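Have a look at these structures, which come just after this line.
Two complexes follow with subunit A in common, the first pairing it with subunit B and the second with subunit C.
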Partner chain A sequence: MENRPLEYDYTVAKMFMLTTILLGIVGMLIGVILAFQLAFPEVNTILGSGLAEYTNFSRLRPLHTDAVIFGFTLSGIFATWYYVGQRVLKVSMAESGFLMFIGKLHFWLYLVGVVAVVVTLFMGITTSKEYAEFEWPIDIAIVVVWVLFGISLFGLIGIRREKSLYISVWYYIATFLGIAMLYLFNNMEIPTMLATAPDGSAVGGSWMHSVSMYAGTNDALVQWWYGHNAVAFGFTVPIVAMIYYFLPKESGQAIYSYKLSLLSFWGLMFVYLWAGGHHLLFSTVPDWMQTMGSIFSVILILPSWGSAINMLLTMKGEWQQVAASPLIKFMVLGSTFYMFSTLEGPIQAIKSVNAIAHFTDWIVGHVHDGVLGWVGFMIMAALYHMAPRVFKKEIYSKSLMATQFWIQTLGVVLYFTSMWIAGITQGMMWRAHDEFGNLAYSFIDTVTVLHPYYTIRGVGGLLYLVGFLMFAYNIYKTMTSGRKVEESELQNASPMGA
Partner chain B sequence: MNIAELQAYGYFALTAILVVVLYGYIYHLYSKREDANGHDYEEYSNIALKDDITDAPVSAISDDKEK
Partner chain C sequence: MFHWLEKHPFFFAVGVFLVISFAGLIEIVPNFAQASRPVIGTAPYSTLELAGRHVYIKNSCNACHSQLVRPFKSETDRYGHYSLSGEYAYDRPFLWGSKRTGPDLMRVGNYRTTDWHENHMKAPADVVPGSIMPAYTWMFTNLADINTAYAEQLTVAQFFSTPYNKPVPMKDGSTKVVAMGNNVTEANAMALEEAKLIAADMKDQDVKDAVANGQIPEIVALIAYMNSLK
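So, the complex of A and B:
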């Protein structure tokens, strides 16, 4: 026992890998159901009109977004942190009983939070703030979970052997700080029980239901400062942390330019926080704030592309690896989609383009090429890279992984192309008018025209879900029946079975 | 000068300062090969590439303590 060599301890990473996959399936399945509800409204009552309350679009929609954001993505962030963190700091969680305890507590409390969220949202208990639907007791639980994540993060950094923090650790720290700040400020709320009417008399609300402490335009501003930066610190920053570790590691190539990674980091930190105003173009917020949102969104191309180009250049001279390894394919396509959606976003934030794009399906398309193509691909790639190392098994099937890659790529392409067409059609039809200013179309005209594209979107989403199930199966088989591998096989490229 | 005008000057000054800081940082990064600790910036990529628990750290904490 005494002489056993020190090893990294992936217990907590494995736990979060499990929730990444489970909540990924839940979130994406609900997403596919929602997509088909939009194309075929009768799906809203698929379990009969008695259960319509639980199956209709409006009840399921927050479950989809929250399962994907706070379930799949957040679990993926935690899973990779508990893997990458130890390795780049060169310290094992086995060295600290305290951090191990905190890590496990972090997981179990997170799971309790997930259950509470699923149950309350299904019951229709919600604050009705987009991406911040959880009622106040759950918000408090989430803050505790987040503090535990912080203790894990800074605790591990505190006992490290490697003095310099690798670029990925910078991004994980930014994720922690960013979300902490956003979540706290946006979720300032009071139970309606404590609320009073303007004359000071009690209104007799409920202890469970709460109202935001902001109102009107202020609420909108805080909401989209939060909403857009949730994309920044949930879907961008931690995913960049992942690619900065996993792509160099899997390909065996040093980052093309470490300096560029530092520069992009500070650029992203500075610019991203100001871009949220683009969600409120042509609304009641001050005009200068809208312009600022637009300008910062356009500038955002620079740091985003700084990271993405750095990743693509890391593969310089090694492009045969993209053809040979499905795992590298996921990451290279992921960073390509990152470039693509960080170009698309700024274009949509330009006021004249936004006049057409606002409130249309093009926005939905934009979110999904980012989340399916970049976040989803990168998290799956990270888990594929981790699986042989945490389970000491070869990845069950390379051909299954390659098939999954192509099915999902097709799914993403169908998704965003149909939403482009639908969105622009919608935007143009809403604006169209005759020479007297009478609107040329009624709302139902747009619905009729969009139906085929909604169907294509549903099919695209379904393909992605099928691919995700193949991923889940591949990881499950890796755990249970993959060939055992030696430490020496795990240096760079992950070992894969046929 | 009213508050709006003051805000506008303040906003301009802040933007200008941040631009100078950012370009200063770019100049600082690209004019030097090594950071303050005497490490070539590009060596830090090895933190990921050589990350087994038995690998030697790029800059070890213990070195620091010996100094």
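So, the complex of A and C:
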């Protein structure tokens, strides 16, 4: 360690770490509120009926999904990039004034974008497309932020000392390209402010409003090609980038197999994009597309499990670390949830299963075992690993970290088990016929029956939020009152030798 | 090859891009023209209906209600004929939704009335005991944005040739013309005429008064949209 040539500059990484935590709290808090609104509808008017327009379920729901995706997760991706990138490319941000400027601009514009998103969604300004709700001015801002991320990414790669790109960098590149392509095509829209009336007079109306370039079935197809793959390139690819770096670093173990990582990477790139059709089974898109979506979803198990198994085998012979280190616990359980979630998804994509599961809470459960168990755990683990190296302070409390781990694990388990039961119960009740061939249940019967599961889910979500607050507190105390520590004192090893 | 790619980021990125763009090209492009053709009986939205659709979107009704009837007996029993691609030809954006916390609304106009919606939006649990849907009371006071709906009509007529002011074939062999105003004043006047018909079936005195005074509360536009879903 003494001969390490570089002092890395973590200014931008620190900024994004902060937004990861803040937006994580916001997104998860809104999630818990939503969960309790479904169990106890009075929560819709939690701030009084005068403000109900802004606190009711439907107005808050896009805020929850977007705060978690584009707030918490995206910040986490950027924070880890500005940390991992320098280290695996063997180059410091401080070496390039230009890249430092781009990095900071990237952060501040991102923050402006976040504020614009929060304000407009509260006002109900939305395109309604899931995870692409933002109207055209914000879309343009997002494209600019993304281009800045691209300049940072390829700029740092351009001045690298280590010529071979480490596996994590592959995944960051794929994240950049994938999201860029998907976001651009799904948000093709025409601002209506451009319209003039047939008699030539001005029309007025909202300048923010736009209309989608695609209609009906085509719009659905493009949207779910986007929606599914936003999960791919937001919740899978960059998180795999993180685990390929942080697990070997934290455990001191080398990646189990290079060939397996090659297979998983290129396999994931090729297969993932086909699977979007599984969101549209039994809809009006052509049958062959639905079948393709279904088949490729099942094939997708291979590259997904390839990465996960590669991670678990990296721990071969070192399993005592799982017991000893709460940080390793997060990562090992994270890859386990990844395996679990990438098996559950393909099962739901099989047509006969989808006939029951679609439109029910089972899908919500699936999203959350992936996001809470895999994405959330991995981002928190990454930040826990980064904190001592970035702030040069020892983690404030390891026992707090361990307690947090168990609270959150319990939360995730309560969440997905209750949603499984809720989803399958509702799916079965919707299709039940009585002995005369009439529908056995009215719709409301299938809603009231879910009350206990909605309550359990709310409790599960609350436990996860409590754990996240413990995480935020732990990081805060590490920054402010942790014991000073130099990186050379920290027990770690490296996939790249430094 | 892979070792070489890992040392050449540009070609690596090109490789990744080729691999990921493949699926979209094959799945989405070939069917594009076919899927956007309307079926007989599908007409574009009137200005008021479109303003109602904007209210629906503004309040993310699609977060809990689907507009897609799947081809199963249990669904056609509950909601009516299964969805056809061409029925969505004028839906920009599509509103299929991904979760049925509440029932499907694809054909809600066939079995719910103005009166029912009015009571239900005010106090859902009074109409459907056990309902967990929140009340949408602000829709009775907020005004619908007719200007924006009109601007959207003009935009889709210009860019996508949506047939406004043109005869559209109906199922019974007749034709229907969805009229669109020549300017924003005319569009507002036409929307108001349509709103008066809805308000006549409503009980809320404030809404009736507003419409009588030439204003269109959001709830009126929303109900016009709901009634058009058939």
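The rule is simple: the second predicted complex is superposed on the first by the 471 of 498 C-alpha atoms of A that agree within 3 Å, B and C clash if a C-alpha of one lies under 4 Å from a C-alpha of the other, contacts with A are read in each partner's own complex, and residues count from 1 in each chain.
Keep this in mind: contacts are C-beta pairs under 8 Å (C-beta built on N, C-alpha and C of every residue); 3 or more make two chains touch, one makes a residue touch a chain.
The shown structure was predicted, so the numbers you read here are calculated from the model rather than taken from an experiment.
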Room on subunit A for both subunit B and subunit C (clash or fit): fit
Touched partner set for A:E7, first subunit B, second subunit C, both or neither: first
Partner chain(s) touched by A:W266 [first = subunit B, second = subunit C, both, neither]: both
First (subunit B), second (subunit C), both or neither touched by A:I379: neither
Spatial angle subunit C-subunit A-subunit B, Cα centroids [nearest 10 degrees]: 110
If touched residues of subunit A are counted for subunit B and for subunit C, the larger one: C
Partner chain(s) touched by A:G252 [first = subunit B, second = subunit C, both, neither]: first
Partner chain(s) touched by A:K90 [first = subunit B, second = subunit C, both, neither]: first
Which of subunit B and subunit C A:L333 touches, first, second, both or neither: neither
Which superposed partner A:A308 touches (first subunit B, second subunit C, both, neither): neither
Touched partner set for A:A349, first subunit B, second subunit C, both or neither: neither
First (subunit B), second (subunit C), both or neither touched by A:P41: second
Gap in Å between nearest CA atoms once subunit C and subunit B share a frame through chain A: 5
Overlap of the subunit B and subunit C footprints on subunit A, listed as residue numbers: 163-164, 262, 266, 270
Complex contact set, residues of subunit A against subunit B: 5-8, 87-88, 90, 92, 160-164, 166-168, 244-245, 248-249, 252, 254-255, 257-259, 262-263, 266-267, 270
Subunit B to subunit A touching residues, read off their complex: 18, 22, 25-26, 29-30, 37, 39, 41-42, 44-49, 51, 53-55, 57-64
Subunit C - residues contacting subunit A, complex: 2-3, 6-7, 9, 12-13, 16-17, 19-24, 27-28, 31-32, 35-36, 54, 57-64, 66, 68, 70-75, 77-78, 83-103, 125, 128-138, 142, 145, 147-152, 154-156, 158-160, 181-184, 187
Residues of subunit A that touch subunit C when the two form their complex: 37-38, 41, 44-45, 49, 52-53, 56-59, 61-62, 124-130, 154, 157-158, 163-165, 170, 173-174, 177-178, 181, 185, 190, 192-199, 201-206, 209, 211-223, 225, 262, 266, 269-270, 272-274, 276-277, 279, 282-286, 289, 292, 296, 355, 358-361, 363-364, 430-433, 438-439, 443-444, 447-448
